[in-house]
Amino acid sequence: MTGNSARSQLPSTDGNAAAEQLLLEIRFFAKPDRLKLIRPVVLAAARMCGFDEQGGQDIVLATDEACQNVIIHGYRGQPDKQITLTAYDIADGIQIRLRDTAPAADPAHIHPRDLDDIRPGGLGTHFMQAAMDDVVYLPAPGGVGNLLRLTKHLPRQP
Amino acid sequence: MTGNSARSQLPSTDGNAAAEQLLLEIRFFAKPDRLKLIRPVVLAAARMCGFDEQGGQDIVLATDEACQNVIIHGYRGQPDKQITLTAYDIADGIQIRLRDTAPAADPAHIHPRDLDDIRPGGLGTHFMQAAMDDVVYLPAPGGVGNLLRLTKHLPRQP
Amino acid sequence: MSAPQKRVIELSGDVDLEHAADTRQMLLDAIDGTTDLLVDLSAVTYIDSSGIASLVEALQAAHDIGATLGLVALSTQALRVFELARLDKVFPIYPDMPTAMSA
Amino acid sequence: MSAPQKRVIELSGDVDLEHAADTRQMLLDAIDGTTDLLVDLSAVTYIDSSGIASLVEALQAAHDIGATLGLVALSTQALRVFELARLDKVFPIYPDMPTAMSA
């Protein structure tokens, strides 16, 4: 029932940093057609955290690629599984967290192809690394699934 | 903890209609600065359900006004309270549901000002009625709070 | 030009609940004499009932001192909101600044 | 015009995971002879790694039959994605259709 999730309380922080502020939580089924709903809200969150259009587009790309990987590799296309995305304003940037309930991924096996070995695929994790400052794969807090943390800091003021 | 809400299952429907499909669920704190994150995702959901730009903008306006009323009248500005928005593709249109945990609102007291009595305020509920086909205030399922259901059907094909 | 002097106030971005207090203050601050006012909405990306409320309050404050307040360069979204509120007949609305200036 | 004939394929909207199968099929279907191909990206609103994958596959299929495949009119976002993948030196990239046609 929808009612249950309405009454569980949104976390004001995850306990890490006093300066971080939860902007919103989105839950959606792990289907390719949902990504067009996620991109605009991630862009708006990036702008709210102070990123310019280019920075925002990079954050959108990284988040989109991360969701694609959960859909394809984590859930192997099962469309009834869900992804939970939270966006945090971390004062000097943004942090996006993606949670899934897929089997635990082994970070050692998650890496892009060699960029010089030109072939279709193998670029998603490269985009995530190139677009963000920090990409961390963690086990989901409290058990089943994965937590991916994407962090990007604002460029220093000149 | 964020982990709790990740494991409670998203409803595939609310039990009403077989044809309705949950597009996504968003939870956010009831603060005015969050509305700019909500508008673009509602627009994207409206486009996904088949609405044109004008229809999408009407749905965005109605949803935004509904959130404003929860922030101002429901929660009376308390910024630690939350709103849960779900968007459904109902095959011939869209349904937006807003849940809050504010004291039960009395629908008899919720109405716009007389449009001819020109003064600041009193237009939000008018915009909701004018932009949507159906606006229903319900008690939240399972107890505390309110559930607002905004429905708009696609224009008939010529 | 023989038309009376008009003061132009520019609103921009999202004229929404987040910015309602600033919008209201900015408009009311501008009404300090009998100069007629034009509110340039060309850079407004979104406007809602809170923005409309500020503009209605400013219109009434302008009328109180014998001034006028016109709206200029509304987007499709802004025009739609004024029409839904049936305020498109209450505010003078001009498509662009030259038209508004020579009205 | 003395340039060899070129076939233009137009991609539009979000060239993302949702449309990956269609994008791939459309591109591969176009590679049916030795005609050189130009992919017009001017109407593309977003492109991700799945779109890039289809274009890389099409490029390789074109090369296999001795044809070329160029990209035309990339948005800032699209160009950025090709640069991040270091594919901006692998694909011929043209700012607009006239330039691409006369190349």
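Letters A, B, C and D mark the chains as written, and numbering starts fresh at 1 in each.
What we mean here is this: contacts are C-beta pairs under 8 Å (C-beta built on N, C-alpha and C of every residue); 3 or more make two chains touch, one makes a residue touch a chain.
These numbers come from a predicted model, not from an experiment.
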Leaving out chain B, the still-touching groups: A, D | C
Centre-of-Cα separation between chain D and chain A, whole angstrom: 28
Between chain A and chain C, centroid-to-centroid distance (C-alpha), Å: 41
Geometric centre distance via CA averages, chain D-chain C, whole Å: 47
Two or more partner chains touched - positions in chain B: 33, 36, 39
Sites on chain D at which at least two other chains make contact: none
Chain contact topology (line, ring, star, complete or other): line
All touching chain pairs, where touch follows the definition stated at the start: A-B, A-D, B-C
Touching residues (chain side chain A, partner chain B) in the complex: 1-12, 14, 22-29, 33-34, 36-41, 43-45, 48, 80, 82, 84, 86-87, 97, 99, 101, 140-145
Contact footprint of chain D on chain A as seen in their complex: 32-33, 35-36, 39, 54, 57-58, 61, 64-65, 68, 71-72, 115, 118-121, 123-124, 126-127, 130-131
Touching residues (chain side chain C, partner chain B) in the complex: 14, 16-18, 20, 46, 48-50, 52-54, 56-57, 60, 76-77, 80-81, 84-87, 90
